[in-house]
């Protein structure tokens, strides 16, 4: 484990998407990407130079190896992956939409090797040795009781070892009810330092409506965590572009930032790139810069096909400082 | 023939389109779709659950079989297709444009098996047995005198059998003059219950300018048909999005509706999806719902590559009720 | 149900294959095909003009609808498909190999809607009404106890209704042991008229080695079925081409035939095309012609990408009569 | 017209082929190539450095312009193309086969701009001014009476101007009967110096069976032309490779040559590349080298997708001298 | 050389672009285009019917031949290309961006055959014989001292022969500093009739900020050339569309024109299409029409993938006269 | 550096190949692979589980990062890569051929960041710390004098540190003369333990003709190295398949082995996979097993598109033990 690495924990899937806005019923080919909220966060962190490791469980077959090939290629340490001979790799079929047709996800992740993990198998003290932060999300406990237990163990061990812990609410209606998501977050809250959520998730799961600057402190109080980060996507003009407005609220510290404007080439993974950027800033003790990094990284991610933020630090910095569209560089 | 089916009659073509907004002169591959106004209507009806049959004439070769494979796959009954050993399958080369380059169609449909049909060969009483409606469009009589005669026979037989008859004006400048289109419509009008046209077609063919609510009653009076439906596309903002405004006018009944906003991924087949939605509503005795269904189905169709409205009833219903863009579902 | 149709019963999957002999670990796109032994048989029968229906269970999602779109498109009646809101569509990842790399299949079909079927839900007397034959294979009982029960019920109902019943051994080591396959076949044998197997399967499952003409009578005696058909692929020259040698053995009737030579473009579905051809001949009371049809259809299938035998009767007839490669027709 | 150019005269088409050995009924894309026997000859000549011009008639639309773009790009002078506002561009759908499935062509060239040409419109003396040879093929007179007349005029004018004239029999069963092909050749023979045919064509059209060395003199005597070239493809081993054996017979001169061995990637255009090579050698007064060049060029062409021999003189020379497969050059 | 042709002089490259807005780090295929400012101008001129020739130096390998194939195919005379056995073909990797990710170019053109040219090798009097105009751009002198010398010789010879000379500033920060670009322009100015630049380039290279109508006369005075043309892209609405505003300023003549609105499918080559249109108008003694043609051609170009303006005169005329988006033509 | 790792040293390139046997002059897309002899060896070693590191120099741009992404993804440690701000990434254009058209390589690797390396910049003692072997090839010294010096330093440092050193002759006629290759090998020989070459290379570079078992001892004596491995490809039947026959000769040890038969899907990288397999066996003190592993790995590699041996240890073992083609596994 590289010294002072950030560790993320969660499931990865192969994502299959028809090209060129086609529908599944008409396409004869599917584009193959790798996806998974916590792996997306790890890749985004690695791309901006943060040492990062990803802990998961994968089936020992070509699909599982493909996941590691991509994670490792982008610079994520994968020694913490447990290989299993049973279970499958979860799949995610995504139809990218265009107004008024919504982007639609068809999860096929049941019975995955990850969902069937044996929580005790992860030696968290060893996996977290030398690390400075642990990140997971609400998807993990929603996958299976075993995953919920593993998330609790991971967060507990991280807390005990003095690491910063973060948790993205990541509410997925296809994986559970709002009540279940709330219960999971509440159960884990004592081990969470920073909770991240979209305004829509906060409303759906906790009934907290309003602007990020209103929701963040309310949710912080509700859960008793150190810090809450709330972001909201705001449509611009006729809705073909948007920006992300975010607020991070801690004890004596409330910071806010708006992202650059972006058009949606591929909406998936934007929130994960935001989380990565925020964590990077936060762990360098600059949450304001975290919001700026997160906003810029999410905006860049959404211009890139697939779930991964295939970016480099220079363009993130340039976007943070410039804040506007560069046009054509040559 | 499934009981109470809607029967459509017209030509189908293989449509060939360069991918990724390329031009024919530069592309090395062509995407293959199936197209044809009346078949598009049939497919859209089948996709929302209406029993539907399509009557046509196809050459007995791989291209003709390909048409039936797609029509049948989407649930359209094709027993009424006459197979011919002579003639060819019409082709349609389409370059999708982007401002300011227009989407351009190059018809290559002359001498098709359909255009060379023998009108007497269709046993209309049998083909329409048990059906409740017949639909065709102005393209059919414009293809050849034999096609014009077949359209007249089909509409006459349908009228005689008590079916609802509908006719989409579908004026195509590449197939004939406005005067020819007007003459064809006037000749068939005594057998038509519902005439459907865009505002642009009504202006070009009948010299009737104005909003749908003005044009529809004027054209109804002019042709003496029971009902006229006029729709118009209205650009929004900078013109990258649009909505469709439509009016259906019958004796003591004028209904109007605007469609959801949509961006144009592929403009072809939008009008046919609209006609399908309207017919479905009308035949269920709710013309207002027909306009809403038509607007939603056309908006969805235009987000999908190809001429076919590859939709399902649930998303149409959701769009009709919600009316706005769903973003990302997961 | 079309009068005198053949009914097949089994699972269908989406098959995903990297293009151009790539491996799953390197490809960025996957070609999408529909596959499934009994559906492959149904499609092959439909393509040569036999009325045919397919009974199965599919999830009500875009993947399930995609299966029906293809089955129906090729002319297979699908009214007997039960739609389910639970369960998934099975997937099959296939890497096409090239010497010395084997073609490799990665099944991901566990927990499918089909495997979770409720056997009692199929009203077999109704589904088989008017039919003349039922076909299923050893894959069906290997999928789950419920599937095994459904296969037994289907064969039993068919036998009771006087239909011809056929069963392709289709041993899949990834689905069960040879002993399990043997037990399943023996349990169903009293309801089976014709059992079809490759020589390799007969050896693996029943320990019967030898040429088709030796194995067929031995296996017939062993199982007590009316007729056994055994085929074997024989490499030619350096092994880049092959032919299929088959023998069908019934009471006073032993017929044999060799297929045309073929090169392997896509090996999957060849056995299913053979079964379809044999059944067509047999049900027209000419088992010799069945072997010839089966050999020709399997040889053609293996020249076509995907599992389906996208052929037409004329080319099958020509190949049966000519027996050799035509080169270029123009 | 470049001094001493070779002029070819005939129709060009857009050729559409499903990729990866797919069938038309299953493909969702078609690869676009340009094809046409006499244009293929012109391109092959241009590629080996012979000045060459192509005379034809094309519709003034993107498809027609695409043809000229490719012809001109490969170095063929196209000033002799007549542009027409009527008529269409002929199409050729080709399914590349694999044993035992034949490569199949579906012509869709009826009513083409070329077939509807006005023979008198070509100013042959001007078009042939400064040229040294004219080449056309049996496809041209088979397309329409007008084309037959134009071919006669072209050959007549060339003969009168002292050019060498050549005619590839190119019998196409889809365009006419053997009797028609024979009649056309016999009518044109008085204006032909060199007639080129495959052994199969000579057998089908003139009933002359046998080896090239037997057929060539017999056909020469029959038609009264100066020179006859006959070639035959000979399968090697299991038939996955072949070579071409050819004989050119003139008054006191009989030359023979075998081509290098080749595997068939794309069989179309091979004969045209052979004709080009032979003409190049002949016009440089070395018919033996013509056979060698033709054999090498046809062998190379058949390793290249599409109808065009996209080769360069160095690799032709190397193959003529080496005669065997080079493997990998690096 | 066609009489009265326009001659352009500069480097061409193979441009490689990941499809579908992918990044180089993720794509497994690259789309291949031909690019190069002066060749782009030549192609755009040829497409609207102007006789045009392109002078350059290319390596004698498949990449070099590919360039000529495309140039010649679009109608550009390439006899003035010098073939070299040394040097490479320059490459240009382009990632098309989407807000806020900039379109990014990675030049790989060092040590190209063109950059290594021997200036004395071009026989400019012969190359310009019969021509009426010469065009080059600031990229040429920036490539190497030898290229700078060749540009000077070309412009000098053109001036001497009485041709119109034009020079597009084409400042590329990756090829040199603003000071170097200024020095090159100033050194060549005595031989330049018309200088073309974007407002951004004029600001970067000469420190002249402002609207085209302000910058053009100022720069004209500064350089002492006959005519200066300045254009600026103006974003519209939310910046997903733009138009180009241009001003041409000569002695007693200032003309201005705005282009039609356009969306950016592919931004590269837009300026070159503008230059081509302007030159065509100017050389026909109508600089106002030149701005209109240039604006329309650039707008069309930017709707087309790749650097080339694959347009036809009719659609340019229609756009100039209509000025707005045609939608769908059929 | 993982303990006991094998270290390889050499250049990597982006390899660009037209799909489907197309030529560069006709393709509109290029498939992108990563290539480079010593990186290929590293990837093949990593794929079979050997800890391995690759030392090189790459430009800090998307192409350079792409190389590391793939190397790291397959498990190769890349911390020893030096990133440079100057120089380019070498490119390799490859046209895959088919009889009689040779597979052709167009190197575009001049002025690469690697060729311009500063030899002193590599801290070899640190890079080799803990390693057990160093591998490089004759390509490295052929690239530039600086590369030759770096290769000498690397081999010298490895020898000093007691590592096994290996050197693949890898003669490339496009990079130098046989004499230069011989001189380079002779100069490095005192630091080389194992020299690997093909029979063809041994003949071209050292004039040693004959079977591997003859050439290996002769070359060993000539160069004075501990061990020489010679392999030769032997065509089978009609030459569409081959096998590799190899001999490794050391002091009292001569071992020989033939590979399984293979067909050539992509010939590049086969020798590198062979070297990897041999080294793995040798370093585990079983050179006979090394030849078997190498033969099996090269045979598998040549069935896979691209330069990398994307294999897994299980299939290598199975092939070594089985030795024949598995057909279809399911």
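For reference, chains read A, B, C, D, E and F in written order, and residue numbers begin at 1 within each chain.
The rule is simple: a contact is a pair of C-beta atoms (placed from the backbone, for glycine too) under 8 Å apart; a residue touches a chain by one contact, two chains touch by 3 or more.
Bear in mind the structure is a predicted one, so any value in this text is a computation, not a measurement.
Colleague: Equivalent interface to B-C, which of A-C, C-D or D-E, with over half of contact pairs matching by residue number?
Modeller: D-E
Colleague: What chain is the most remote from chain E, judged by the mean position of CA atoms in each chain?
Modeller: C
Colleague: Using mean C-alpha positions as chain centres, tell me how far chain C is from chain E in Å, no decimals.
Modeller: Spacing between the chain centres: roughly 61 Å.
Colleague: Roughly how far is chain A from chain B, going centre to centre by Cα mean, in whole Å?
Modeller: Each chain reduced to its C-alpha mean, chain A and chain B end up 45 Å apart.
Colleague: Provide the list of chain B residues touching at least two other chains, using ranges where the numbers run on.
Modeller: 19-20, 23, 25, 27-28, 65, 69, 237-238, 240
Colleague: Provide the residue numbers of chain A that touch chain C in the complex, in ascending order.
Modeller: Contact set of chain A toward chain C: 16, 19, 23-25, 27-32, 61-63, 65-66, 69, 88-89, 91, 93, 95, 106, 108, 110-111.
Colleague: Can you tell me which positions in chain C touch chain F when the two form their complex?
Modeller: 20-23, 25-26, 97-105, 107, 172-174, 237-240, 267-268
Colleague: Mind listing the chain E positions that touch chain B in their complex?
Modeller: On the chain E side, the touching residues are 19-20, 236-238, 240-241, 260-263, 265, 296, 299-300, 303-306, 308, 310, 315, 319, 324-330.
Colleague: Spell out the part of chain E that touches chain D in their complex, as residue ranges.
Modeller: These residues of chain E touch chain D: 65, 68-70, 72-75, 312.
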